[in-house]
Amino acid sequence: MMAVRVQAEPIDTAAALAGLEAPGAGAVASFTGLVRGDDGVSVLELEHYPGATEAALEALAVEARARWSLIAVEIIHRVGPMVPGDRVVFVGTAAAHRGAALDACAFLIDRLKTDAPFWKRELRGSDARWVEARASDDAAADRWRAE
Amino acid sequence: MMAVRVQAEPIDTAAALAGLEAPGAGAVASFTGLVRGDDGVSVLELEHYPGATEAALEALAVEARARWSLIAVEIIHRVGPMVPGDRVVFVGTAAAHRGAALDACAFLIDRLKTDAPFWKRELRGSDARWVEARASDDAAADRWRAE
Amino acid sequence: MAVEMLYFAWVREQIGRGHESVSPPEGLATVADLIDWLAGRSAGHAAAFADRARLRAAIDQRFGPLDAPIEGAREIAIFPPVTGG
Amino acid sequence: MAVEMLYFAWVREQIGRGHESVSPPEGLATVADLIDWLAGRSAGHAAAFADRARLRAAIDQRFGPLDAPIEGAREIAIFPPVTGG
């Protein structure tokens, strides 16, 4: 199973997690990114590049599957306006053993941050600000290329 | 939030995952271990050491919280008889950022394998066999001690 | 030949539109050359393209450096470094 | 003094019971000494304790090596290496 979704609707992590429990899977790992509510952000807007986004996520899923022999992989990214506590992204992997599932999950979220065309805009009251890319994200993504 | 449960009932991963989404959390990581259905096992029985098991899991949760400043941590381990596809264990972590959540989740499942008093017995038809501890599990747990 | 330009995030905001069809003159070899030419179209374009270090590009939906060749391209996107996840 | 012994997994199966109250003689210093003494109680005990390398212990629910002291212990568990998760 390989599923990639970019959607304006809220992310149903329960359904996503259950969908990863394929026959033969002994290990399922997941990562969920949430809009933080502790830094004054009232609304987070996610813009993306339709078409190119899905292609980038699929390329990551294919790379992860090949590298770790995954049984299942699922990536769901929300776009549009969100509020604190909302789920922005879900990444899930299933494998026979835990090392592959955990490593592939970390790989996918690290690389998604640098390889997929999404842009975040934060609203704090009437102040709007585009989020700057972080060097730490580049470093996290790079560690999967160096290995 | 810190919750540790040892139970004979099926594990509700949807509820567990949702429970980790505490205010301030920007990242939730989870690991679910399943009974593999691909190696002829018809029933997996989990025996444990009541009291000592809960204490061992709580000690791991406390260590993880201190090491990674987690906002929430949840460990659920099932005991008794299970069939392929059943969830054996769920580990979930929540933190402000993804690195802490992902690392703490991997730490917890690696160390749980060597530090918590559970024993697995596999039934294949009429053949019953206690699962042997694996050197690879010791190595995985040790890497968190060496750092 | 006409090229469909796509702009995202603050590049889109500063230019004031998310896409436009342009017909660059002959002789533009790279994305950087195209950006130089586009910068002359309006004050918004000039502002959006002022700092090349903050720009990224995709040619026909494939990400590439600003010195990537644009010959034959039908869709070129210009945008800031991505910040998803 | 009486000590409550707990056995798990194949140690429990070979001994034929999950727990028993025992009164070891004076002079047993460590878990290993206790195991030596327990091995004489039955053929099942002897079989369960035949290979020390495959045994682990907990004293009053704290995990420790087989050379850990047992003085004052009220509950001692003997079991194989754990295999949970």
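Each chain gets a letter, A, B, C and D, in the order it is written, and its residues are counted from 1.
In the analysis below, contacts are C-beta pairs under 8 Å (C-beta built on N, C-alpha and C of every residue); 3 or more make two chains touch, one makes a residue touch a chain.
What you are looking at is a predicted structure, and each value in this text was computed from that prediction instead of being measured.
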item	value
Each chain counted as touching subunit B and subunit C at once	A
Centroid-based (C-alpha) most distant chain relative to subunit A	D
Mean-CA-position distance for subunit D and subunit C (Å)	73
Whole-Å separation of chain centres (CA-atom averages), subunit A against subunit C	26
Whole-Å separation of chain centres (CA-atom averages), subunit A against subunit B	23
Centroid distance [mean C-alpha coordinates] between subunit D and subunit A, Å	49
Two or more partner chains touched - positions in subunit A	33, 98, 109
Shared-contact residues (touching 2 or more other chains) in subunit D	85
Touching chain combinations (by label order)	A-B, A-C, B-D
Touching residues (chain side subunit C, partner subunit A) in the complex	6, 8-10, 12, 58, 61, 63, 77, 79-85
Residues of subunit A that touch subunit B when the two form their complex	13-14, 17-18, 21, 23-38, 84-85, 87, 96, 98-99, 101-102, 105-106, 109, 140
Of subunit B, residues touching subunit D in the complex	33, 46-49, 51-52, 55-56, 77, 88-89, 109, 112-121, 130-133, 137
